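Listed after this line are the structures, all set down as structure tokens.
Below are two complexes that have chain A in common, paired first with chain B and then with chain C.
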Partner chain A sequence: MTAPISARTGTTMMRRKVRKSSDRPWTFYVLASFFALYVIALYGPMISIYILSFQDVQGGLVFPMRGVSLYWFNELIMQTRAGDVSGAFSRSMYLAVSVTVITVVVSFMAGMAFRRRFRGDTIVFYLMIASLVAPGLVLGIGIGLGFNMLGIETSWYTSALGAQLSWTLPFGILVMFAVMSRLNNDWEEAARDLGASRAQTIILVILPILAPGLIAVALFGFTLSYDEFARTLQTAGPLNTLPLEIWSMTLNVTSPSLYALGTVSTVVSFIIIGVSLGSIVMLQRRSAARLNNAK
Partner chain B sequence: MKLSRNMTGWLNVTPLLAVLVPFFIVPILVVSVASVMQTDGYGGMFMDFTLGKYLDVATSALTYNLYFATIKFALLTLVFSAFIGFWVAYFLVFHVRSKLIAMGLFLVCTVPFWTSNIIRMISWIPLLGKEGLVNQALLGAGLIHQPLEFLLYSSFAVVVAYVHQLTIFMIVPIFNSMARIDKRVIEAALDAGAGRWDIMRMIVIPMSKSGIALGAIFVVSIVMGDFFVVKVMSGGGTASVVGAFYEDISVLQYPTAAASAVILTIIVMLMVAVILRVVDIRREITL
Partner chain C sequence: MSTGKGDIELAGVAKSYDGSTYAVDGINLKIPDGAYCCLLGPSGCGKSTILRMIAGHEDPTVGEILIGGEDVVGLDPVERRTAMMFQSYALFPHLSVRDNIAFALRVRGMAKGARDDKVDAMIEKVQLGEFANRLPAQLSGGQQQRVALARAAITEPRVLLLDEPLSALDEHLRIKMRAELSRMQRDLGITFIHVTHTQMEAIALADMVVVMDKGQIRQAAPAPEVYARPRDRYVAEFIGGQNVLSGTIGQVNGVRATLAGARFSAINIPIVQSRRLESGQMLDIAVRRDDIDLLRPGGAGVPEGSTAIEGSVIGVEYQGNFVKVMLEAGGEDEFVAYVPERRFFEDALSIGDRVLAVWQIDHAHLLA
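Let's turn to the complex of A and B:
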């Protein structure tokens, strides 16, 4: 108990060194199993519907698998039982791309604004948080009624676009905050000292540094829009987006074509995720390589 | 041209406001106005100021049942997702030694977030159903003799689906706040003779509190505003606050729906405000 501090640190360091090379504490194994169970519970159900979507015509909603075929995917495209799936899909794509572009630009600008304090910034900030947490269907109803009062038809590319932005923008800006917290003010000042104009500083210094973060914002914008339901329900007008189509299918369709739609929709999500993460990694590699060359 | 700092700030948030004003502030105002109007019974409304709809909603026993059910789901989801999120984040931050592997495992946790929630929810059907995998396995193992009915189309299924969807909202902020804990603080505590539990109680939990609060904001606001999961996973047996006013809309009772919507929005905002007292969210994410 009365051992000098240096001696005690010495023994702890040794103890830790020993531990590092051989055994791990028992808590590691408990938590590792817990983590593994979580991942299984996270992916297991999704994988089961992907498998079940490849059944043949006698297939049902539960295991065991009945035959293997692409019957239910074909069914989906032929629209015999389901509604207008391919139309809904392309609308969702257009909408998600528009939402992504607007979210990236607006989040970037707002992120730049919030780097410095300005009068009234707290109000804007809490307004944004309020828009994020407000119940989606309430906003949807409000927008629907508002358009109604003004005598404008609701449609997926006007009212639904705005409704989705009220949710993707706060989200994108929160991600932007996390990205910008790593932006060093010195770089900007260095650029200004070297005679760069404001526009040059943004285009040549800030944007390249933030590029991976902006891709992350784009990924959020796209996937949140592609999956949005509550805010879109009352604002999409006469034509459905994909989540609305899936929703009506969950209520009416009791065949594996619902699962087939799940598989297709997830494949699209995985492509988007893969492309985004891939380009983030590529950008970071490139800047690391450039840094090495400069040395 | 040299712009003042206030001017540049406001110019940069102008596009944001150009969305939030027409698609957040105005709709909330429209709903508030609609809640004091009268319906003609055919989907039309006319102005005749009345707080009657609020009185109807506030004096109906159904309202209290709905809020009780919805808040119960929110709290259960909050407890389970915070528990799972805390330990998953803890494992990633403190037990995985390689940074690259930690990031990889973190991505494994986040990828499903970018896929459809609806699809992830219905994917429980082949598992939890009466003839689902769980029942098949339990029957096969001889643990039960009759399929368990409570697994699907029940409150249990609703909570499972919520936790499945929303735990990610806990993992990410808790992971962030834990990653910011200086490892040297923990070593110092170890050297000073602190036990596992002391470190947990005096360092890790207090320093992850803001992450938990941030996650709680998402979980509470999403569950309170949801009706989809409840509708599908409870098999129609359980109603929710939002589900109830969605029904009102489908029978064109706009003012009643609007009054419930205003009350719900106020309650959700109050809940979020309570959580915000625990954490200064702005400082938390901008630092």
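Let's turn to the complex of A and C:
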């Protein structure tokens, strides 16, 4: 049974090897150069910042490099000149994690609800889209003013959390709609037919099938929150989140510790993305391993 | 939850989704325990709705559904001890064959040891041993069907409900899996209810064929009876294999009557005890396509005890063991004779030939 399959893969590989680079149309080179330019424009400035963050004590904000050390990273943590960076970082992390959890849970439930028509579903949908297209700064100011009028202190874990959710929830739900299209009603009915309770159906059937999509929603929620600026500016209250901290540093800090902060926050972003993609790959590997066991 | 038998009775069952039109309209049906029953009809005739009502995925608007003598309306599928096999198979894509089959036992909280034993036995039974750890997407259509069947059967249901189980397979596999379904049903010894729109599938499998149209039952009978003695024109045309002629009764004399149609002159029809025929009454009769003999006009004439209509050949299709000859005769859209292959080539007909379509009077069947 496996023989004809491997034979077929064999011929495809041969064909791939035989194919010469001169077979490529001129459009390949045009598009490849365009892509190369794009990558340089995207990462070039950032890479300069990362390199400059590793300078020694007497380093400045421009090339050339003056010595190599981790001095500015230390400076960042010791908050002698830079302000409360580690505090801002942990606030941003707590906030991003809360936003992620709420976004995933609510998007999942909304996705389930929107599979059927219900009274007022179109209104709910358009309200959701409205909060997505409303200018973030205006929305943030509105929420800040609202809290003031009600006499409630704005803070990063109340008003800013709400303001960020007005952004991540519609996004999460839209992604969920696409994910939900994979869900076949027969699966739920089959689970019920086989005696599963509603909770068992969700835990044993629906969630595992939707897992890759839910990870995507989580990734969305986290990254949108982690670098959210416009909506958070007027709602974060007395304590800054990381993007606000970086912004205020650009106004009054003129040392490479600003660049060190850039390097650290980029590393964190990459770790988050790596963990998310890694878990999706792990899910796929698990099924692939099962296939290998079967053979 | 009793261990009642799997006989099913539908009493006055109707289902309406919008309150005005009925998808299922007043069904009365008894299916004996251990029968293989096929619900047959075109799409939209309500056959799937009936299946889903027996399964407990929909509730009837009115009427009673009894399984093993107890009314099951409002009960969950588990309490009914029914199991359903879905048209899409609905195999859980993230679970291996083994875990799919074990699903029902797992949600019931059965211990892993006991569960494994039962699942192994079932995997053995449906010959899926070497595929036990594969995911459904890595199986062929026929293998997927076996997994779906095993998953439904593991709960030891008293009724297994199959919604168009063969429609996702290609022609060749369909005939193979048809035999397998039949074997499984004998092995398990439980009632199977199988929904299909394919006549040959129903006739080949079923102890009992239920022909449906527009939410109503037209005929419920064993397969040979539905095929050879359809109750009305709808059943005759849906099951196929019959020529239906409409006409007005002329003379009635003891053992024979005559029937004249708009496009054919009087033919003789049998008189049966169960029917009163009166002169001037409209009547449909059915004559099996394989009961028709084609003669050239002006030959020996119509034999004693037979009757005939005249027509011309408009099409000839070679089928291997027989030849399908299509005639323009009797004013019907299609009047067809199945002529055995050897007989046909003794005197091959070609398009445009005039022929007499002859059949024994007693072979005609009166329709309601």
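Keep this in mind: the second predicted complex is superposed on the first by the 264 of 295 C-alpha atoms of A that agree within 3 Å, B and C clash if a C-alpha of one lies under 4 Å from a C-alpha of the other, contacts with A are read in each partner's own complex, and residues count from 1 in each chain.
Throughout what follows, a contact is a pair of C-beta atoms (placed from the backbone, for glycine too) under 8 Å apart; a residue touches a chain by one contact, two chains touch by 3 or more.
What you are looking at is a predicted structure, and each value in this text was computed from that prediction instead of being measured.
When the two structures are aligned on the shared chain, A:Ile209 is found in touch with chain C, with no touch to chain B.
Judged by the touch definition given at the top, the superposed model places A:Trp187 against chain C, while chain B stays out of reach.
Between chain B and chain C, the partner in contact with more residues of chain A is B. Applying the stated contact rule after C-alpha superposition, one finds that A:Ile123 touches neither chain B nor chain C. Judged by the touch definition given at the top, the superposed model places A:Gln200 against chain C, while chain B stays out of reach.
Common to the chain B-facing and chain C-facing surfaces of chain A is no residue whatsoever. Interface residues of chain A, counted against chain C in their complex, comprise 184, 186-187, 189-197, 200, 204-205, 208-209, 211, 287, 290-291, 293-294. Interface residues of chain A facing chain B in the complex, by the touch rule stated above, are 5, 8-9, 12, 24, 27-28, 31-32, 34-35, 38-39, 41-46, 48-49, 52, 61-63, 102, 105-106, 109-110, 112-114, 116-122, 124-125, 127-139, 141-143, 145-146, 149, 162-163, 165-166, 169, 173-174, 177-178, 180-181, 219, 223, 226-227, 229-230, 234, 243, 246-247, 250, 258-259, 261-262, 265-266, 269-270, 272-273, 277. The touching residues of chain C, counted against chain A in their complex, run 55-57, 76-78, 82-84, 86-88, 90, 92-96, 103-104, 106-108, 130-135, 138, 151-152, 155.
Across the complex, chain A is touched by residues 5-6, 8-13, 15-17, 19-20, 22-31, 34, 84, 87-88, 90-92, 95, 105, 107-109, 111-120, 122-127, 129, 131-133, 136, 164, 167, 176, 187, 190-191, 196, 217, 221, 224-228, 232, 242, 245-246, 249, 254, 257-258, 261, 264-265, 268-269, 272, 281-282, 285-287 of chain B.
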